[in-house]
Structures are given as structure tokens and as C-alpha cells.
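I am attaching a structure below and will ask some questions about it afterwards.
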């Protein structure tokens, strides 16, 4: 029963948590979507042949290598998928682009915005298709929110409040890690980037920011019996002005004890409002000022087939998508872009934009000044 | 990079919504779990070669056939997976069992309990492994609930309230379908079966029932311009006595306007309580009477790696599983049973049990009498 | 600044929790409503002069007496308000009616329905105005719910689910009390009465019931070092048929660990649904099938001035009423009835009706038979 | 049955919404609390004799006057209660203080912080007891939150997020009012003051602020057919540093469409967290990192007798307090202070503090600079 679709050979770099998530997405996306390609899980690259081989077996890939450069050079590979540590993204992506590969890269695109811009420009010059893994944006309820905002259901947009708070760094005894590295580290860069991406996804460009990045846990164990001073932010926030005139705030907080996935927003317009929480991400809450008096209230809309591509996963409402389903949606969108059927959902240029917003907020915080973002 | 695991060839009968869901599960389960077999999507059977071929392409199966009997007879097939209409389950399963296949069957196992018992007995006699698709039970939060109940966290269990309500039959103008067929139809059989399965999963055997099955929409369009009298229940309920002494209620309602997936329960013990809603199935709410005075309350526990096998899908809490992930868990459990690593999670005997509970309630309703369930 | 309204002298029997609540209501109602009378807190009667005097001081009443009969005979008293133990309601109310007083009585009107009917008939014969304290019905959100149901916002009403669950009897070591007395005791009588009153308030008369009353904690300390067998129900439930054709269930449960005030209902119609919880009683959740596809969901309506008489308490929405405010509404409604401005909100006849429903369910449970309620 | 308590004669200035609320509180507080005084509703003053007389009748006060100065001079008056327009607070309060009266004043104490400080100093010099009506702070659940924070239940406090959002100014066609007056107007002053009061109530002093006050609806009808430019903020926010080292944010927003009473906070510590919403103000949500793994989650604590003075209103949990009950608690606390039984709950000095925080944020916003608050 051979599939007559063209083949797309995937080369995956990295086999940690995100590597596994990507492998899952490559396996599940074809079961859910009518993709333009037959996805072939071709090669896994990791820091050694042994690690890569084990991952290839676990993930269902045909080949493995301890040398990512070899894989990038392999003419059979069509897409290079980078889930390696952030500090390596730039080098790997630039090599893959130079080899003419499409490149799919986990967020953040690079620790420094300038590097991210360089990567975006290289990809544009080479004409390859790129994608950054901002999977929360692949939620059908966010698509619905954006569609409603654009269609004017909320009237003129006036104010926005976004947050991304978790508690994975709340333990002061947890050692200093790459997340605390001044180059690209901090809560704002790590998860505030999600809050910023969502804000612009919904409301369009942010024009300027006034930031406040604070270090609350000022030192952490250095893993060698001593302590190390922390300079990155645990809580990073910004006041925003959007180009459409709306005012906003975002907060990133990775010491928010008790919060596991508080990627939430609230947007108020002249005719309505939307409230969303990633803690219950199959729901969108909508208030319409046009409802009859005495019967107005936030409506809890549950995800269903009216919210594409939910219907691809399930024909009935209320069954709910999971985190890994969002990754399948992300991959399907990317393949459509590679096939020229749709624009890139969130390409390197978009990834670089988020990095530049993060840096604008960090600079604003240092200088206590409003900083334009363009 | 050949996988050295033994191969398990899957033969899938039916390619509708549930067929697609199963195909998704077979593709995703190996990406998530360390399964004892290499799953091979071997053959799809459906009512014609053309339909089967299209499904095989879409689902990634190698072969297709319009003759399910041929597939069942194929010596290469290890597992026959039945997602065909309910009325065909018995014949197909018995044929597969006779051919020595393991059989995986969507719920309900059969329209009549006696048939389900026959199927269970046949499987037991043949020594094949069976599974019925009660996927809501595959939720890690339900496993947590059962574990807490068994460990005594709630003390002595006293009362239980279960419901499964949706609104997919709320439109009185929707035509009469197989769901309204007196043989196996009705809300109680269709979704009350889930409420019953969950109740016994958590509290153990129900000893007796007092039922009330009511037809509210008494006629529906017959699809030929006329109307047809409906005799099956739109709302089916029962009072319960569990063998452990607890009292309970379950309700099945498929005309519950506004409800999309209200598979909820509440269980009260002498020391605590649990509250759950499938509408937010990555949460479990726990009340402990042992918490300090003034600080007691229902605790909203969010799914995370502490709730196996959540960690197989995601290393961090709060990311959430989706409906299709539950299917992958279901398949992984079944494969462990086939490999002899664990008991069958929900075999034909368990499926027959649910059917017999449904019929006990239906009979109780007709006779207005308490009916024992054993 | 004399108020020119006619005076209404109140005689209060009983000074426990409910007596205090009534005193609060008499003091607060005139501050909130434009009542037809000047309420004068005239006399408190209790089991001794000393107890009554202390209560009169605390509650702001002018006089006190240890002899309730003397107070009932006092020609100055206009309204006799009974908050004494349930077993005394009948005698006190009949005496007050015989003396030509208006009578306000806490629920339950009497332990036995026959007594309640006698009281209702006596009041009707005497032409006095009566009221039973079903305060949950005084919630503006319940008035809104009833108004919406009557106006057809939900279409044809099809199914109903009501519950009143608390945990005040969950401690098995708490001694046997009057609540466990076979005459008038049990969860169904004590709190199921609320669930039944709400059900008929919203949907109109119940036609027949099939009950299940279960004793879960079968013995309790007798307060004298021994134990006493409990025969009253801890969990009392019923399947319902309403005269309008809807099917329903109610549950009363006073051992529902963790629940403090789960007086909840859910009502489904052909065009919409309402969901309510007393745990958040300033909210009403409304689903309209007429909302646009993709934007349907339960709307959380918050209490506000559009929901009379909320505006009497507060000019702005969202500030919320409390339990004691419901008592002020109850009193205002009663005074309007005494003044002939409106029908009695919930008179002795209505109170007797609830008692007869309770007894019908209890009998149905004993006989395992559907019992008509008229 | 004369009450032997000393009399406290109340003189109320103003008979609008807040005047009525205060009158309600004076009537209900004695029914709930064992107050140190007999409260006598003595005189209402308003802008004319006629208005005052009508209010006195409605509110149950004995006397009325169109001349507030006369009332302030009346030797019988013990407490002057000011609910007149904000712009008059200073003059009235200073006159009352000069006459030796205790003064109770609605918030804001004065449009300008300097005036508020003058009022506080005058009261302190005169030795009279003062109170500002920050009623949200009178919620037993906030007292519980503060108690838990102080007792270390949350460990070291690290971050705070507060908001007060409503939509009463969301209609751009609503005319310019006193709320838009540059002297004392704006969302930050009107409702941000509540967010600031709550923040310091819970965490102690704020050390410095970085503010952003934004006008979104830049002109409003002037009531005379034209429009008037608006300079006050619709959305006012600040980044905070508390003296205890925690970082925080507050937001005031009076154009938050759909929100009626979003006075919410979230506070994170090293060992736990608290989440609260005024939308459900009888609940407090508590997360303890010390709960067992797999069973951690936010606990929904419902108000009950363990949360004084809830038990004064109701002996059973779950019945809920309303907005007006908070006012009774406020009054009871004030009377205890007048009697010397307890410190003033929120005196003029505290009211002036809130005003100074508002002005610090406004100045910070104008100057884009961190501003110390002491």
C-alpha cells in the first residue's frame, strides 16, 4: 500500500525531552493530518554514536550518528531538526542552511538576538523554510482568539495582561545551570519569550517596552560545594505599548511556587474580552458586551471540531488535545510551508523578533527607560 | 538501526473515527513507551477494498482488504483490532479468537451481555489476550484516585456520585440511528457504561442497582420523511450499593444540553474526598480531613510526572495529556498483557461485566426493583 | 424624624443560630428595602427569662419572656417568628394562628407532613400570612433562573439534577442528635428539603418519585457511653418525574466529606441549560444553543443590579450578597405579603408540600415503588 | 430591656450609595457583634434638609439637616461619618476633628496625598480615632492570608501580583465625570488604591515603585454636546519592591471589559503560595510545597467559623459573607478602636499612606524612574 507522496527525510539533532517530543510529533502528525509529504525518520544525531543509536531505536529512526555535521552534510536529509542545547543552535542552523536544508529549531533560536537575526537572514538568503518551536501558539483556541480579535468581536483592543509563570526554579537549593547563564538565561528569556510571542500573535506588534527584571534568588549552589552569584532574572516583567494603541503587561516568573503552567492572558476590547489559561488550554473564555443585559458573562468555550484542526484529532467536542498534539499541529504547519501550501507559521524571523523583544526589555530594565522594539 | 523486539502485526477492522484513533495510538505508543513489541500496522479491513485501501494509506498500514474474514485468517496477523459497528463485534471477535488471535475491541463489547459473556469465555478458553477500549480509565489521574482510595487516604468509602452527560443527542430533529436501536442502544448503554466502568474501577464491585431509564425525546425522524418511535433511554440512572458498603448513583444523559464531556465523579470517605471532571481531566481534586483546621479545602492536583505514565509523555508537570494520549496508554497496557508482563487492563470479562451492569439497570427500571448484579 | 409607616411588632421564639439570623434580617431589611411597615423588634421568648433577656439585649429587642405562650397571647405582637426546635413548631404555630398572628417559621415546618398540612390549613382558615424560611430560594440568581426557564430561554425542559450535600454529620463519633430522630430526621428531611424546594421552584410540580434512603453510619454514640442504632438516612435520593415531562434526580447527603454547601443544580432544555452552585451563589451559568457555532459555552453570569433585588444592596455588580442578605430578602417578601402587596413567597402550604415530598420519597424507598406526590 | 452599653451617636454626611452602605453597617453590626457601644443613628446631613430628611427616614436616623457644619458642631454627635464627594473630605474631616469627633471617612481620604497627611496629623494631634473605608481588607479570608504569611506558611515571600480591574468606565460614550478630574482622578487612584492597600496589608511596606499610567480613552463627552480631553489614567500599573525583598506588580484597570470585581492577588513564597479573587471572596487558595509529592495542589479553602469573625455571622461554613457584611466588620473594628480595645484597623495615617503610594506611582510614570515611597 505504498504512499505516493514525496518523501521528507528528517534528521534530528538531540534526543533529550524535546527530541523525544519531536519524534512523537513526526510519528503522530501523519496519523492526524493529510500531510504533503511522507515523513521518514531518517537519522538521529547526538553527542556520541551510542547515545544516538539508543535514541534512534527508541524513536523509530533508521540511522544514528555521533557527528551532527555528517548528518547535516548527508544529501538524503531534507529537514534538520535541532533540539540540542541553546548555545549550539546558531552553529548547527547555519551549517544546515549552508547545506540547503530546511531547519526546524527549538526555542530560543539563539541566546543573543543578533545571532537569531543572522540565522533568519541566512535562511532567507538561502530560500529554505524555517520553523521555531513555539508550540503554545499551535493551540486551536489561540487561533480562535486571534480570529475573533481580527474579526472585531472584541471591538477596539484596549488592554492586555499576559503571564507565564511556573515554579521549576523555585527551589533555592537547586544548582546553577545554563538557565542562569547571563548569555541568554533568565526567566524572561526562557518563558517570558512565550508570553511575548502570544501577545504579538494576538494583538500584533509591540511598539515599546518598559521592563523590570529582578533576581530574587541571588545565589545558587555551584555544584562543587560552593555557591555562585546569580545575575539573571527570576521575575521579568514589562509594560507594553502595542502599535494598535493598546496597553499591556507581561510577566515571566519561574519561582511562582505552585504554578506549573500559568501561561495566561486576558485581553479587553471596547465590545468584549477574552480570558485564557494554559492550565486549562482546551478552553477559551469570551465576554460579549452585546449579550442581553442580565445574561452577560464570560462564556467557557470548550475546544471542538469548530476549532480547526481539533477535528483532525477527534470528531466530537470536549475530548481535549494534549501538549504533544500541539507539537503535531506545529509539524503539520511547517510541512505545509515547506510544500508551499501556506506561509511559515513561526519562522526564524519570528523567532528573532521574540529574542529582540526579550533584549529590549532587559535593556529597558537596566536603563529604566522605555525602549522601542523596532 | 533494526529494533530487535519481536514483531506484533496489527489487523485493524474499521476505519471510521475510532479506527483512526486506534491507528494514531499504534503510531504514538512506541514513541512514548518502551513497548515489549515492535508494532507493525499490517492490514486494514473495511467493507470494500477501496475504503480499506484509502484508510491503509491514511493510517500507514501496509495492506488492505475488503474481506475481514480473510484478514482474520491471515497467519501473519497477531492482533485483531475491531472498531466496526457494535452489532458486528461478536461475530468478528469469535472468528478472531477461533483463529488464535489476540482481540482488541472497541466498547461496547456487544449489544447484549450474554453475547459479551460468550466472547469473554471464548477468549479465556482459547488463552488469547483481550482488551476493550475503556480509554477514560487510562487517565493517570484516575489511577492516582484508585491508588489513594486503596491506600486509605479517604478512609472508609461511604458515598459515590458518577455522571456521564453529553448533548450529542439533544437535537430532537436528528434522525433515529443505531444508537436508538432497542438492541444495545440508549444513553445508559452508550455512555452510562463509562460511568459504571469508572465506578467499579474506583470502588470495586457494585452489589445491586435500582434503575430508572427514561425516554424524553419519544420520536425521531426516520430518515424517510416520517417519524419513528424511540424506546431507548435518553437519561438512564441508577442507585447503587457497592460490595464495600458504600452507596452511590450514576447518571447517563445524552441530551444534557451544553455538556460535551461531563464524565465526572465525586467520592466521599470518612477521612477525605475526591472530585474529578473529565472536562478538566488533567486535574484531580482531593480533600483531606486531616489538613489543619482553617486550611482544609479541595486541592487541585495537576497531572505531572508523579502520576505515571504521565512522565512518559512529558518530563514537566502541567503540560497535559490529550484524549489520544489516553489511547496510547491503553495500547501500551494491552501490549504488556500480551507479553505477560502485566494483567489485562480491561479484558473481555471486564467488558462483559459492564454490559451486565447495564442490563441489570435496564431490567431494574422495567421492574422497579432492586436487582443484584452477580 | 418619625417614620409614618404602620408598625409591625415582632415576637421571636428561640435565640439560637437561626434566631440570631432572623434578628439580623429584621434589623437589616429596613436598611435595604422600602418596607410597608416599620419593623419593631418587640419581644424575644426562650426557655427561661434569663436566656430570653440576654438574647433581647444582644438582638436589640425591647422585651423578653421565658413563656412563649404569654408572648403569643400579647395583643401587641403582630408576627410570631418561630426558630425553636422543630418538634415544637406545630404547637407554637397553631397557638399563634389561633391568636390571629401572622406566623413565620423556620424549616422544616413540622417533622410530619400531616402536621404541616394541619398548620397550613389552620393558617388559611384564620386568614393570617405565613412564611417558611427557605432562604436559598431568595437568591436573585435563582429568581433569574426561574424567569429564564419560564420565558423559554432553555426551550422545553428535559432533565434536572439537584443536590444538597454537606459534611456536618460525617464524623461517625459525633453523638446521636435530634437530627437522627426517626420522626422528622435524616438527611433527606433536613437538607433534601432544600433540594426539593429548589427543584419545584424552578420546574414546577414533581409528579412522582422513586426514592432510595440509605443509612451509612449505622450507629452513633448515645452520649451516655454507649451507642445507639441510627435508622434515619445519611444519603437520601430520588428519581423524579415532573408534571412538565422532565426527568430529574435529587440527592441529599450530609456525610459528603469536604462539601460545606453543595446546593447545586443543573437543568437541561431543548435550547439551553443552566448550572448553579450554592458554593458560588452569586453566579449563574447559562448555555445557549443559539450562540454562534464555535463560540458556545456556559456563561458565568455574575450577580448585579440587573438581578433584583440585588440593586437594593449595592448599585454595582460583582460585590456579592451573603447568606444573611438572603434572609433580609426573605423578610422583605414576607412583609409585602402581609401588606397585601404580593403573594406569600413560601407559605405554610408550600412548606407542607416539601414535607409531603420528603415523606413520599421515604415511603417510596421503603416500598421500592414509584409514589405519586399529589 | 435597656442596653447598658455606652451610647455612640453617629452623624452621617452623605446619603448616596456609600451612605446607604454605612447605614446598613451601623444597623447590622450590633446584630452580629458584641460591640462596646450602643450605636445610635443620630443625624443625617446632606446638601438640603429635604434630601437629608428622606435619607434619615430611609436609613432609620432620628434627625436630619441640610447643614453638615451644624451637625459637626452638635455636642451630641460622637462620630462623624463622611460619605460625601471626595473633594469635600478634607474640609469636613478637619472640622470634625477640630470639634473633637471621631471621624470615619470613605476612601479616598483626599484627592491629594498632602491633604490626607494633614488630616492624619490633625487627628493624631487631637487624639481622635479615625477610619478609612477600605472594606475589602475586612474579609476574613484576607486576615487568614496575612496570618499565614506572617506565620511563615509560605516561607520567604518572593513575588506578588495584584490587580483591581472592573469595567465601569469601559463605555467611551459615558461622559467625563469627577473620576476623570486630574485632581485625584484616574483608575489608579480610584481602584488601584485597593490593590495597593491589599498589597501592603499582606506583605508590609512597599519600598519603591516604577509606574505606568496610561490614558486609553483619550476624550469623553463633556455633557454639553462637545468632548473633553481626558488626562487621567484608565490603566495604571506599577512594578514594586517590598521592604522584605519581594518583587511585585499591581494593576488598576477600569476599562477591563467583562470584569466586575477582579480584585485579585497571587503571592509566592519559598514554601507555598496563596491565590485570591474578590470574584469569589469567600475562598482562599493555598499551595503548600510540603504536601506529599503527587498530591500537591492549590487548596480551595472555603470561609467558615475557623476564619474570624465569620462565625459571628454564621455558625456553619460555606454560607458566605456578602459585601455589606464586610462593612459591618469594618464598623466593629472601628468601634473596638474607639473603645481602646484594639488598634485602629485602617486609620487616616494608613489612608494617607495609600494616597502617597498612588502619587509616587503617578510621578514615577511621568518621570520614568523608580520612586521611593518613604
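Things to note:
Think of it as A, B, C and D in the order they're written, each chain with its own count starting at 1.
Quick note on the criterion: contacts are C-beta pairs under 8 Å (C-beta built on N, C-alpha and C of every residue); 3 or more make two chains touch, one makes a residue touch a chain.
Everything quoted here is computed from the prediction, not taken from an experiment.
Number of steps on the shortest path from chain B to chain D, with steps defined by chain touch: 1. Farthest chain from chain A, judged by C-alpha centroids: C. Remark: chain A and chain C have CA centroids separated by 54 Å (rounded to whole angstrom).
Chain centres here are Cα averages; for chain A and chain B they lie 34 Å apart.
Chain centres here are Cα means. That of chain A falls 42 Å from that of chain D. Among the residues of chain D, those touching two or more other chains are numbered 259, 296-298, 302, 304.
Across the complex, chain D meets chain C through its residues 1, 3, 17, 20-21, 23-24, 27-28, 30-32, 34, 53, 56-64, 166, 168, 259-261, 278-281, 302, 304, 313-325. Residue ranges of chain B in contact with chain C, taken from their complex: 154, 158-159, 161, 163, 167, 170, 172, 210, 212, 214, 216-217, 234-235, 237, 239, 241, 245-247, 249, 251, 253, 255-259, 266, 268-273, 275, 287, 289, 296-298, 368-370. Within the complex formed with chain A, the chain C residues making contact are 144, 148, 283, 285-286, 291, 293-302, 304, 306-307.
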